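The following blocks contain the structures, represented as structure tokens.
In the two complexes that follow, subunit A is the common piece, with subunit B as its partner first and subunit C second.
Right, the complex of A and B next:
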């Protein structure tokens, strides 16, 4: 190996190591800080303790907020999966003029609906509908924002299922809803799992919409409540924040692992099987 | 009673494409009926219209005397076997066969027992717990047939039932299908583009072209006396020779320089009438020596068919194909003659058979 090449290899690996460190340091902090007696903002080997968890369990707001997150995520996930499956099936089977344009327009606008730009009209809408400080309001707004992408992804799955399955069931007398339940849903199950995980993860991490629409702290989800963890002195309570962050991220990681082992995440949708 | 009657059945797609153009057919109870034609002739549309998967734009479909034109597919009491079998991939063989019963809300235990019974009749006992992906093509077809049988329909509709099988399986499945239909004595309509399949399976065949039925008859009728040049050219494993000619005195026909016997139809025509002279390659006798009343030409192609050979003669009368015995030596490039069998000659005037 020439010295020149040797240097190039060393340079390449150094760069990779730096990049790796950049991304892994926050994760290391998340893994170590909750067990540290006096957590700081730097990742360091902890002097081991479980006191932080005890403190968190005593904090009523923290656990309730995780339950609230669960309600929002489950509610939104259920609505998105159900409606997206029905819409994707209908859109892939019924010829509508301008169907594709409609889908693309919705996809484009959906990022605005749950984004900062629509904050004021969303608030006004929720106010008029008496949905301020209601978890249902948050669920509906989030579902609305996620649905276009979900329909778009699922339509690829429904497009790829042959029509003769459904026609066969129709000749045997199955109703459209029976066809969806018995034939279409099992066939696109990997797609539904992808959508469910994706929408739950989106809701779990969403801060803006619940922050905007929920008034009372006892209805707020984890992402919003975390924002309120300060010590009496106005400093961020790092012990509480780090412990809570760990607890907060575990369900999503667990769900990814479960669904991935069950269905296997592939790059669905890009390539027709 | 499960005869199927089609009354001036029409299907015009939005955009003006006519798929069915006043189809009139009477299919008898218990009959094995073939819809035969090239792709795009409307045969599959016709089958799907009988099933109710396509809506007729005119005319009526009657099954067992009941007008079902306005009924959805599930209420017509027919079963359809699709070209790709359409077995549900996420269900076992049992669940697939039991599916029609599930729709009719038959209890779980009862429908599994019934499915197992039907599967037993078709020799599928060992496969009940498998999924469609774990079955061979022939087994998949049997499962599809079992599923169709499970709901005891008034009629079977089969879309290209043999086309997804390899050549060897196809013959086996053909015999199986015919025996099954005989045993069940069920009205059965199937679609095929393969004339050999239609002739072998069906009690009667309807030849279709451009959304119209051009001839209905038994396999023997459509093979021996095709009613028009379309059916004549479509039926038969080697296509019929169809040559432009002109009627002469004495019941003979001139085709180019050759003057050949005009067959039974020639008497009805006057000398000078233009006709199309039709004779199957099987009904021509090959001769290496000059012969009277024969086509002459040069041997250009020799195709081996196993027990026979198909010889193409190019001469002034046109290109003519002759089936020659396997023992006769035929060399390309030599001159040869083909003598038609007079009682098998067919004459067509304006595309229609001269009786």
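Right, the complex of A and C next:
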């Protein structure tokens, strides 16, 4: 190995080490503090305990916020998957006038009208419809935002499935609705699963919309309640925050691993964003 | 080709599409149009103008351009987008993809796993992780650097959230460039290497021209997302003072906190316009690509 090449290898490994340090440093605290008897803000090896988790399980506020997150995520997920599947199937199989223009317009719209850019009218709309401080309001707003991308991706999936099963089922006298339920749904199941996980993950982590539309802490999801843990002033309860963060993060990581191992990581701009 | 294999018929097909379109119309299209109208009024959350808002035309826009707070906020947003997305995430993402390109195994999975983790964790969680990391008294960063007592989020707020956002968002660029590098012809690279091209020359003459489309896609998407990102609010609340009050936070404080809905809406229209320009360029790019071999990256965004 020439000296120059040797230096290049050293340089490369140094860079990789720096990268590892940069990306793992903030995460260390999340890995250690939940198991520490007296967690501080500094990341350090814990004197091991599971007491923090026991305390968390007794904290009704924290648990309720996780349940709220679940309600919002499940509600939005169900609406997005159902409506997107129906629309995507019809758009894939039936030539409706202006279909392609519609799809591109939707795609364009969903990237322009973000929650941040539309917070004023969304707040207003919720106010006029009496949906302020209502979980249904949050679910509807989030569904409206997620649907265009969901339809777009699911139509891709549906386009790629063969039509021969549907045709033969039809020959045997199945009604269109039976065909959709018993033939199409199983065929596009990977697509449905991807969309379900994607929308649930989006809602699970979303801060802005519930922060904007919900008023009472009893209805707020984990993303918002957690924010109040550490901005209330005074001393933040680090044992609670760290354990809660870990518990709240686990489902997202699990879902991500599930999708990437089961269906491969299809690069649809990723599961997030 | 669309063939109606299940015998759905146009009527039923329209009924299938209608519910999704209704929701999108109500909670995406209508809000966008309403912003434009509200932006031309003096609508307030409370008080006289709440009951009977007046159309004031372009007054709000003029006010924004006159007001130093707005131009200040726009400048900070620009710093944030260019610093953390265009320079930070794109360059670091490419560097990681390039460093790991011929590597398999545990080391690559470890690096990619950590970078991805930073990307998928909920924003409230990562915000607190960084608050802890940068803490004045016991923060891990201060003990590592030997700079006790440095309050990073107070003394260097913009730099802190730019570095934070690089950490947070590099995963997308890394994956996109890793996929892009797979399309660069190895023989061309080999030829360049045999001809004595240095690493930098190989990048400039072979790699960058081959992945130009990916680079453009990447820059457009991450700029759009970073511009619309509300997460810095979780770290700094826009402060100290207004030192990190970028457009999203500025709109939030003006419209929702201070109740000036009309003015806030006018600022939102400006945001929508900027988003529109970025997205139009991107969709044109996608359509051109659709005629070429099929591409995979699509606009998938957070609401």
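The definition used in the following text is that the second predicted complex is superposed on the first by the 237 of 273 C-alpha atoms of A that agree within 3 Å, B and C clash if a C-alpha of one lies under 4 Å from a C-alpha of the other, contacts with A are read in each partner's own complex, and residues count from 1 in each chain.
To be clear about the criterion, a residue touches a chain if its C-beta (ideal position, glycine included) is under 8 Å from a C-beta of that chain, and two chains touch if they have at least 3 such contacts.
Source: prediction; values computed, not measured.
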| item | value |
| --- | --- |
| Combined model on subunit A where subunit B meets subunit C, clash or fit | fit |
| Subunit B versus subunit C, judged by how many residues of subunit A each one touches | C |
| Partner chain in contact with A:170 - subunit B first, subunit C second, else both or neither | both |
| Contacts of A:48 with subunit B and subunit C, given as first, second, both or neither | neither |
| Contacts of A:187 with subunit B and subunit C, given as first, second, both or neither | first |
| Vertex subunit A, arms to subunit B and subunit C (CA centres, degrees, nearest 10) | 100 |
| After fitting on chain A: smallest Cα gap, subunit B-subunit C, Å | 7 |
| Footprint overlap on subunit A, comparing subunit B with subunit C | 164, 167, 169-170, 183 |
| Interfacial residue positions of subunit C with respect to subunit A in the complex | 2-10, 12-14, 16-17, 19-21, 23-24, 26-32, 34-35, 38, 95-96, 99, 107, 110-111, 114-133, 135, 137-141, 143-144, 167, 171-172, 175-176, 179, 221, 224-225, 228-231, 234, 237, 248, 251-252, 255-256, 261, 264-265, 268, 271-272, 275-276, 279-280, 282-283, 287, 296-303 |
| Subunit A - residues contacting subunit C, complex | 12, 15-16, 19-20, 22-30, 40-43, 79, 83-84, 86-87, 89-96, 104, 106-125, 140-149, 151-153, 163-164, 166-167, 169-170, 176, 179-180, 183-184, 198, 201-202, 204-209, 212, 222-224, 226-227, 230-231, 241, 245, 248-249, 252-253, 256, 265-273 |
| Complex contact set, residues of subunit B against subunit A | 51-53, 72-76, 78-80, 82-84, 86, 88-90, 99-100, 102-104, 151 |
| Residue ranges of subunit A in contact with subunit B within the complex | 162, 164-165, 167-175, 178, 182-183, 186-187 |
